[in-house]
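Each in structure tokens, the structures are laid out below.
Two complexes follow with chain A in common, the first pairing it with chain B and the second with chain C.
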Partner chain A sequence: MQQTFEIVVIGGGPAGIAAAVAASQSSKRVAVLDDNPRVGGQIWRGGPGLAQPKAAARWFYQLETANVRVFNGARVIHADASARTLQAETTREIFPIGYQNLILATGARELFLPFPGWTLPNVMGAGGFQALVKSGLPIAGKRVVVAGTGPLLLAVAAYLCDHGANVARICEQASSSSLAAFALRMLAFPGKLREALSLRYKSRFAKYATQSWPVSAHGKISLESITISESGRLREIPCDYLACAFHLIPNTELPRMLGCHLNQEAFVETDELQQTLHQGIYCAGEPTGIGGVELSTIEGRIAGHAAANDKRAAAKLFPARARYRKLAAAMKQAFRLRPELATLAKPDTFLCRCEDVTLHQVRQHNSWKSAKLHTRCGMGPCQGRICGAAANFLFGWNIESARPPVFPARCESLAAISSLTSSLTTETEPPQFHGGFQ
Partner chain B sequence: MPENVTVYVNDLPVTVPTGATVAVAVMLSSNVCRTSVSGEPRAPLCAMGACFECRVEINEVRHLRSCQVACEPQMKIKVGR
Partner chain C sequence: MTGLTGTADVLIAGAGIVGAACAWELAKAHLRVAVVDQSFPASGATGAAMGHIVVMDDSEAQFALTRYSQTLWDELRDDLPANVEFDRCGTIWVATDEAELAEVRRKSAYYCERAVPTEILDSAALQNAEPSLLAPLAGGLLVPGDSVVYPAAAAAYFLERAAALGAKLHLGKRITKLGQGTTRLEDGTTLEAGKLINASGQLAAKLTPGIQVKPRKGHLVITDRYPGTVHHQLVELGYLKSAHSVATDSVAFNVQPRKTSQLLIGSSRQYGVEHDKVEPVILSRMLQRAFEYIPKLRALSAIRVWTGFRPATPDKLPLIGPCLEDPTLYLATGHEGLGITTSLATAKLMAAQILNSAPKIPMEPYLPSRQMVADVHA
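So, the complex of A and B:
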């Protein structure tokens, strides 16, 4: 039996929770579908069960007390905009959900760039490593290097120090002058500046190096040490874990599959009510531009109110959104990736980790499509989420359309979605199911 | 709710805090989730459900992302395939 809701929110992070709570205030029937075992997204990972910031606790309480149906551990593998139906898969079943209005709050993931040794166990994302620690990985006494770029590095380092890790270094690829310019612009956001200072205080025993990035990781069966470049000099640091990511990229696979228009910077384009060019499909949070948790919740609230047809409540939030978009713009400028990062991978470094395709193999081609067809790069289970983003940075390639299933799915799920022929026949290319399992 | 959960990774018991994901249980035991197509050991990368490096078999269902599944008592996890 298909359940239908007036408003369906995809993603249970800050934007999704705020959207659902706001929409429910207009007495709409609202559902949230979230891929994770608990709501909270990545930044509030672990949900209400864990110690969370005050703002998170408030939102969790509001979500619990609102009339919102939450589906945990449910990933949307197909969406049919004309039938207004989604297909969601859990580890046990596949089920359809109908909607009148849809709010996409699919969040962001970290950008990973290949360098020799990046496939070794214990080389992980920065937020990814934090997520594992939040999920119960003990790290007391472990030696960790935090590397990459963005404000997240400081937050991760502070969290790890709080949990007893020995953070050997924080390697920020940006220069000290661009960080200084960013700090100046942060003066307009005293709360955020205080937060940054407190994070730095918590991680004060870790050296914070600017113009610094990982060059290679070493180890026999798992990570033993890394070589970093620091202001032009190479230095080897022994460590148990490398937590490394080059800031965030939006999860736009589902919006793209629904036909939402992306702007030049590959973010989902929306109007002032967070509505995409598709009537009835809204988008909020990181997919519309990387802006952090405050901007995400504001956009989520606007989308929720707008989808529930309360435009007045939505419009009240426009000034707050404009303010936090300024911070997002400053962040983008400060943590722009330096071109040297595109030269770290060697010819024999795997670019595609799913199919073990080397940089050399991929470089023989002049487009993502050609590389995919000839090398299987991007054809594995991650469907190009990791290597596609890296190839976009390395070669400037346009990573094209998304097709169903949005995630690898079980055969029974593929059978269920292939019965939705209406959407498949509107695809510009013939449907090709890739990454299907069993 | 009990404080800890015991699961089995390739038949060896591992005890993790309640709420821990399967990825954590694997990292505390074999530290390898899967073997890549060219034979390399692989472990979690993104830990957020995007990269699929952490996929394992859980209770005879293959290719599940261990970072997205919470441990349940007596779960049988197979890694290294």
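So, the complex of A and C:
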């Protein structure tokens, strides 16, 4: 039996939680689907069970007490805008969910940039690494370097220090002058500034280097040391782990599958109510622009109210959103990736780690499609999420259209995505089978 | 581009596997060859195909072309680079009941008469050869000489060989007009050549209006890596159930083991659909059909789904040869679901016609001037 909700939210990160809570203030039936075991998204991963920031605890409480049906461990693998249905897969089943209004809060993932040695064990994405530590990876006493760009470096470093890691260095690729300019803009956000200072206090024993980025990682079986470029000089640092994050890139596969329009910077385009060009489909949080947790929750609330047809409540939040969008713009400016980062990979460095495809192989082509078809780059289980984004940064190649499944899915789940569509079509004839054709 | 004018003996429209094979063959004959494609090599049907090199017997002419081409692939085998993933894994035609077993025997006799090795598998032998298949099934026919390739890499290799012999590649150039020794490109340039070959696949009728080539859509699914799940290309033998199917959409069980240990699951065919979107209903039917044969496919992880368009003709045979109204124009298209297999033979026949040499097999059945009779199995 298909369940239908008046408002369905995809993604249980800050944006999705806020959207669901806001939407539930109407009397509408609301559901949230998220593919993790607990809600929380990137930043509050692990959900209510873990020690979380105050804001998180408040949102978790509101979600628990709201009239919202939460589907954990449910990954949306297909969405059909005309039938207004989604197909969600869990480890045990696949089920359709019908909706009247949809809120896409699918968040973002880290951008990985290839450099020699980046595929060595223990070189990890900062978020993924933090998630591993949250789920029990012992880190006490381990030497860790955190590298990349943006405020999340500090957040990750602070978290790791809190858990007893010996963070040897925080390598920020941005220059000290752009950081200084950013700090000035932060003065208008005392809360954020306080947060940053507290994160820095927690990670005070780690050297924070600007204009600094990984050049290569070394190790026989797994990571032993990395070479960084720091203000123009090379330096080798022994370490057990390297946590890397070159900022975030939006998860727009599902919005694209639904036909939502992307703007020039490849973010989902929305109106002031967070509605996409598709009537009844809203988008909130990182897919509309990388802005951090506050902006995500504000956008989520606006989308939730708007989807529940409470435009007044939505409009009240416009000024707050405008304020945080300014911060997001400043952040984008300050942490813009420097062009040198596109030159780190050597010809024999893997660009695609699923299929072991080197930079040299990929460089022979002049489009993502051609590279993919002829080198197998992006054909592995990550579906090109990692190397496709890197290729976009290195070569400016466009991403391709999104097709089902949004994530790898069991064949039986894929076979089930037609369940609703088929009952709507007139095709009732039994299938006729043929042999022997390709 | 300007340097090209008047310098090519043959201009080939389309850098799919057919155009690529023709380019190589003609370059080998010391002709000055130019290949033009609107996109990149293998961006059409070739890039979407399964790459089963298979001998087929729907008609005598189909058998002759597929068999000839299969031997050409075998001859090339040692020269193919690793990324072409040539794998002589063989085909097993799977029979589910007595009627299909009778078809196995007929097919075996037919192949045997024509010197194609086969082996009839009884139920136990089939299970032994392919333990993942539902058991018990009636049996099957093993054709050990069939193979599998990665079509895009094969096409790229043919083009690379052609280029090494002097062929010129013009990629990202869409042709708007082809005929009377002239090729007009979208950017306004014209290219002249003594002979033109329309090898533009399912789009061929756009360049040569009036020819009977229509797109026939297909879906494919690729799984993650599952070593040892399937060993041969497995195809159902459902002919007997397919008698009246000319117009309807259809699906068939067709599973291919890739050298990467991935499985490619097919297949579907549809007429009259022009958009390349994945269609859940047909995808679902196709997968359900595959589950009936290999139940454990259900639990395997599917990474990606895509579609492609086969260039289909009414009688299921390609168009290879001169286009009568225009003495400079030749066709090499309409290979439907067998173009990867028959690309090499097509190139040989095309070269024989252009160079006026004797072909290895009779080429009349493929001449565009033939009378076409719709094939009942189409």
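Here is the rule we go by: the second predicted complex is superposed on the first by the 417 of 438 C-alpha atoms of A that agree within 3 Å, B and C clash if a C-alpha of one lies under 4 Å from a C-alpha of the other, contacts with A are read in each partner's own complex, and residues count from 1 in each chain.
Keep in mind that, in the parts below, a residue touches a chain if its C-beta (ideal position, glycine included) is under 8 Å from a C-beta of that chain, and two chains touch if they have at least 3 such contacts.
Predicted, not measured: the structure shown is a model, and the values here were computed from it.
By the touch criterion defined above, A:Ala314 reaches neither chain B nor chain C. Once the two complexes are overlaid on the shared chain, A:Leu373 sits against chain C while remaining clear of chain B. Of the two partner chains placed by the overlay, neither chain B nor chain C lies in contact with A:Ala158. After overlaying the two complexes on the shared chain, residue contacts for A:Ile7 are found with neither chain B nor chain C.
Of the two partner chains, neither chain B nor chain C is touched by A:Val145.
When both complexes are overlaid on chain A, the residue A:Asp80 reaches chain C alone and has no touch with chain B. In the superposed model, A:Gly46 makes contact with chain B only, not with chain C. In the superposition on chain A, the residues of chain A contacting both chain B and chain C are 380-381, 408, 437-438.
Only residues 16-17, 19-21, 23-24, 27-28, 31-32, 36-38, 40-53, 55, 58, 61-64, 67-70 of chain B touch chain A when the two sit together in their complex.
Put simply, chain A touches chain C in their complex at residues 78, 80, 365-367, 369-370, 373-374, 379-381, 383, 403-405, 408-412, 414-419, 421-422, 425, 427, 429, 431-438. Within the complex formed with chain A, the residues of chain C that make contact are 39-43, 47, 49-50, 52, 54, 56, 58, 93, 152-153, 156, 221-224, 235-239, 241-242, 244-245, 248, 250-252, 254, 265-267, 269, 277-278, 280-281, 283-285, 287-291, 297-306, 337-338, 340, 377. Those residues of chain A lying in contact with chain B across their complex are 35-37, 42, 46, 49-50, 73, 75, 91, 109-110, 112, 119, 121-125, 127-129, 131-132, 135-138, 221-222, 251, 353-356, 380-382, 385-386, 408, 437-438.
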